Amino acid sequence: MRPSGRQPDELRKVSLEPGFSAHAEGSCLVKFGNTHVLCIATIEEKVPSFLRNSGKGWVTAEYGMLPRSTHTRTAREAARGKQSGRTLEIQRLIGRSLRAVTDLELLGERQVIVDCDVLQADGGTRTASITGGYIALHQALQTLVAKGELPSLPLREQVAAVSCGLFDGQAVLDLDYAEDSRAGADANFVMSSSGGIVETQITAEDVPVTAAEVEALTRLASLGIAELVRAQAAAIEGF
Amino acid sequence: MRPSGRQPDELRKVSLEPGFSAHAEGSCLVKFGNTHVLCIATIEEKVPSFLRNSGKGWVTAEYGMLPRSTHTRTAREAARGKQSGRTLEIQRLIGRSLRAVTDLELLGERQVIVDCDVLQADGGTRTASITGGYIALHQALQTLVAKGELPSLPLREQVAAVSCGLFDGQAVLDLDYAEDSRAGADANFVMSSSGGIVETQITAEDVPVTAAEVEALTRLASLGIAELVRAQAAAIEGF
Amino acid sequence: MRPSGRQPDELRKVSLEPGFSAHAEGSCLVKFGNTHVLCIATIEEKVPSFLRNSGKGWVTAEYGMLPRSTHTRTAREAARGKQSGRTLEIQRLIGRSLRAVTDLELLGERQVIVDCDVLQADGGTRTASITGGYIALHQALQTLVAKGELPSLPLREQVAAVSCGLFDGQAVLDLDYAEDSRAGADANFVMSSSGGIVETQITAEDVPVTAAEVEALTRLASLGIAELVRAQAAAIEGF
Amino acid sequence: MRPSGRQPDELRKVSLEPGFSAHAEGSCLVKFGNTHVLCIATIEEKVPSFLRNSGKGWVTAEYGMLPRSTHTRTAREAARGKQSGRTLEIQRLIGRSLRAVTDLELLGERQVIVDCDVLQADGGTRTASITGGYIALHQALQTLVAKGELPSLPLREQVAAVSCGLFDGQAVLDLDYAEDSRAGADANFVMSSSGGIVETQITAEDVPVTAAEVEALTRLASLGIAELVRAQAAAIEGF
Amino acid sequence: MRPSGRQPDELRKVSLEPGFSAHAEGSCLVKFGNTHVLCIATIEEKVPSFLRNSGKGWVTAEYGMLPRSTHTRTAREAARGKQSGRTLEIQRLIGRSLRAVTDLELLGERQVIVDCDVLQADGGTRTASITGGYIALHQALQTLVAKGELPSLPLREQVAAVSCGLFDGQAVLDLDYAEDSRAGADANFVMSSSGGIVETQITAEDVPVTAAEVEALTRLASLGIAELVRAQAAAIEGF
Amino acid sequence: MRPSGRQPDELRKVSLEPGFSAHAEGSCLVKFGNTHVLCIATIEEKVPSFLRNSGKGWVTAEYGMLPRSTHTRTAREAARGKQSGRTLEIQRLIGRSLRAVTDLELLGERQVIVDCDVLQADGGTRTASITGGYIALHQALQTLVAKGELPSLPLREQVAAVSCGLFDGQAVLDLDYAEDSRAGADANFVMSSSGGIVETQITAEDVPVTAAEVEALTRLASLGIAELVRAQAAAIEGF
């Protein structure tokens, strides 16, 4: 049995609130159970220097955790004067995932920055960030279409993410912190709404995993992401 | 007339939600109109080195803004690698204000860190932080009393804060961003529940202000803080 | 009785030496008793980016202390790799105070940087910096007038600053370090030569202060600043 | 056809030179074609603070590139004052991979740091680092066994790594830079000598990849790693 | 002819004021013409970690320039967040030079930090710092002897420094800024009162220099340092 | 007798391998015995801002050590976030030395950066860097001549460097680490192929050195550098 009492293929309660921020072009407060992430998209009419005069746009992400979003307090990165390797790794993953479904040519020479700030952490902050970040990105781009600055939405499809793991040898979906800290493998899957794999990262914790176990994790992730994609569509529609 | 349509002595709608965080010893989501600050108190069983073996405790604060809490996006301080002078100035003010009502001897050799993170900014983030930070501090200390680690609450009285300004020559209470950016003087008052002045900072913007104007601002602040103190008491009671 | 033996309304011996630096456009070595600050003004023919093409100028300040200006040695900020919150707070105050009396339109698109470096500290370094910084600024601007680059001095009036405090319950003027470390309230006043208030910062140390005490401190500060303004005028005249 | 002219399942020429460094406990110059990495293992008789008094040891890695190891010069990280996200991500991967085959209990309270410095880069620096880093780690631990400080080698099995990608739709092994920059998916596999998966990271570049493609990449990686494991064994034996 | 009108072997006017600082154990304001450096010695009852429990002491130096000590303003190192290579190089030289005449065994486990802060720069700041730093060090150590904490002064002899250069092909002593910027070689000599060479650094500017030229510069430096050593002795005696 | 068993005037075995790097415009792996430095020259078609539109070029150097190039591991400067004073001092010396023989007018508005990275350290890394850096610079400039971008090689002559020291009172050439750590004086000489002195730095370790000793060290250095200059010529010819 999972500590959370959930079925192996059961997501935590998912909540997506678009339009959470009064100032931003796009935003979404995403909750995967007790993991709460505020995703906010900002549009800037300039691109990184390597894209200048290329006619192409860019989507990037930044990630942060409030110091006491975690069970014990973590030192504030702004006070320590640098971002940890974990932070940089996660924000690079979020950025790549969102770019994978964006038509950067159609976006034109502008940049969307998606800030994902964890208000409360209970496992799966990076997958919640990607799932909610997509909503914030969608809303921000929709404002450009509404203002006539873009002919159509430069998004090819949806993207969402979920974690899986091996718990007592069984593949389980969407680990919370208690499960994650005891899992025998830690896997993160990013998939598009058409079922394509955008990114997978699988890490064995104590003993290497087998190809069969990888396959089981992948199958579980597909189910979970299909559900998240439906939740995204409903949230966008309802906004 | 004020841009907000409020009366000169009218606060914005104030909301105080204690217990917002699942993990922390104390927390409060405070809203002064569209200014939203998440205040979270953490208790650590160690003190800064200058207090080691003194028998006395410490209360300190850290302050931050989410990058897009503001009207346009501000660069993330963790990414820039240092905190701005404004950030440091504000967190020093919050810390002094909370210490002013805390009995550090009674607290004993432990430290309370109050993190004030601005989710959305519309003027008055430092005064909201002090007002909400007091609730988070109170809740955290209450848990120590409840566990029998402290004989009584080491708080002498409540502390709250509000801004005032001169708008078209008239003293007005609790400025929002639109008012603040046009005000002829910017004043922040921190007062205790018994009406004592903990800290005042008054800055003339274009032309120096007179002693009579300072007096008018002070009177207005007293009224506003009395109201905030009542709201704090109600929030603590209701929790 | 004050540790210094001074009367409650008695300033320390004030000395202002304009033209201290061989290289700079303006400079002043200011002494408030044993507090010695070297203020040096530099004119740069460029402005911060937010003022570019605005036709307006800027006045800013930087503040530092020599490591052993204090009773015990403080680590060098350049070696530690960052400026403390106290340093940033003080230099922001100096900058605001000097800008409050400067006509930035008349100054035109140039910047004056006033460096205030504490050679020896004995309380009141920020108030000495503002008082001496005004002289350095005046001298620097005078050179522009002399060279015909400005039609007249872009200064509306003088600005000076002094500290006050409550010592054994009594309001006293211009605290030295020994007095400051025992004072029940710490107040800094910045006023213009016409008596207007540019900035006040009042911090209660142990118990909140009353409105009557604030009034007494303000009255005392007015007296002290009137004396400093006369000393500034004499120093400028005599140069 | 691949730009390199290699068969889809053909590794670049692999060279492993253990004992390259005169000073270190373990070292290996690893070459995957034109990618050259110097891996050096240092043993320290202390552990990170979270392991103090745990009786367990630690293996960690640091990664760097010489500024002109790349086709155009990259700014030196020591001069820029911080390590990039890519650097931190890679060194975290190397550390996890080496720990996955190390018996940290048996190692006892000591730490092995494996420095992987890229002398020349032509794609696959992280996989070369893991493959050569294992040799350096092995040699360093062997010295502890030889000196009688460890009863036996605290390594459960070998670990090696290789990249794969989709090139013109076909799965190919061990991409060099020219291939990597045109590949439709970029995958890194870390596996143990018994064939278990230690870590996989798969990133789709332009369009999401299918589960079948992932399977093909995994199969190819298994072949490549089996070959690398044999090369490691030969290098260790021959030393 | 030299721009300064001085003879080739003529020092600038030298002034040494010991006891300049009210707080420090030792201090000296040194002037070599328009180059003014404030040297302040602090005694700390602890040593760097590599000397702990060795019974030996340490002498070290830190160097800084006020931003507008120079002809045009230089950015403040504390604000830039790091010390320049030039700063680090100079303070290492000052520290080595002072240690060369100090008996570190006799000093015992304590450290003297000599801060050399340039108030005004006109060439030769490093040589003035060494010459004045010796006075500050001497005064600080004398206080330890006076308090009975040291049986005798742990100084073997005096140390002083001077620059030389080739100006229009002729060796000249103690270059000021105008001369230095046109000199064909830049040399700094640190010598002890007995005439021994503690350190020499000679840099050819445009064309390499000959051994004969080096010899001429060395001879000139010996003369200048003999004069500085006499000035030091007089300053110490007169204090 | 020297620990190395060498004659007083005997260099370590010198090896110079030009063209070591596959990507760079110029490169050389230089070995002075067990000291191995990889020197790589990069040509950039831009100059530092102080040379923009001057028509002149620049040569600069950067220096680094692999963490375990030394007998015990040194913390990675990129991880610590800053370069040490020693690093900055050495790279400034290398840059000055290479510029001393370069015709910057003839080079034109481009910059050559010479990276000197120490793979293994056994004393004399800075002198090996200058000696090998010259080869890398020569090769890089030769490619510009070959491509017709320069009419002729903008090098006036060769430059090389060697260390000397006083070992048991005797002047000895090219100290290795074991000798260096026991030497009574540490001297570095940079000379041109025509025998001119580009730079000398002599530091007495325990007792000041005499002018006669300086002369002996200089004579020895001349011999050593003549030999290094011949080795450089042979390496360039053979490439």
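The letters A, B, C, D, E and F name the chains in turn, as written, and every chain counts its residues from 1.
Just so it is clear, a residue touches a chain if its C-beta (ideal position, glycine included) is under 8 Å from a C-beta of that chain, and two chains touch if they have at least 3 such contacts.
Listed by chain with UniProt protein names: A, B, C, D, E, F = Ribonuclease PH.
What you are looking at is a predicted structure, and each value in this text was computed from that prediction instead of being measured.
Contact with subunit E (Ribonuclease PH) and subunit F (Ribonuclease PH) alike is made by no chain in this entry.
The minimum number of touch steps separating subunit D (Ribonuclease PH) from subunit E (Ribonuclease PH) is 2.
Shared contact partners of subunit C (Ribonuclease PH) and subunit F (Ribonuclease PH) are E. One rotation lays the C-alpha atoms of subunit A (Ribonuclease PH) on subunit D (Ribonuclease PH), and its angle is 180 degrees to the nearest 5.
Looking across C-E, A-B or A-D, the interface that copies E-F in more than half of its residue contact pairs is found at A-D.
Mean C-alpha position of subunit B (Ribonuclease PH) lies 28 Å from that of subunit C (Ribonuclease PH). In terms of their C-alpha centroids, the spacing between subunit C (Ribonuclease PH) and subunit D (Ribonuclease PH) amounts to 59 Å. Once the centre of each chain is set as its mean CA position, subunit B (Ribonuclease PH) and subunit E (Ribonuclease PH) turn out to be 50 Å apart.
Multi-chain contact residues of subunit B (Ribonuclease PH) (touching two or more other chains) are listed as 81-82.
Read around the ring of contacts, with subunit E (Ribonuclease PH) first and subunit F (Ribonuclease PH) next, the chains fall in the order E, F, D, A, B, C.
Chain contact summary for the complex, subunit B (Ribonuclease PH) toward subunit C (Ribonuclease PH): residues 82, 84-86, 88-89, 91-92, 96, 100, 191-192, 194-204, 207-211, 214, 218.
By the touch criterion stated above, subunit A (Ribonuclease PH) contacts subunit B (Ribonuclease PH) in their complex at residues 21-24, 27, 34, 38, 40, 42, 44, 62, 64, 66-73, 76-79, 81-83, 87, 113, 115, 117, 119-120, 122.
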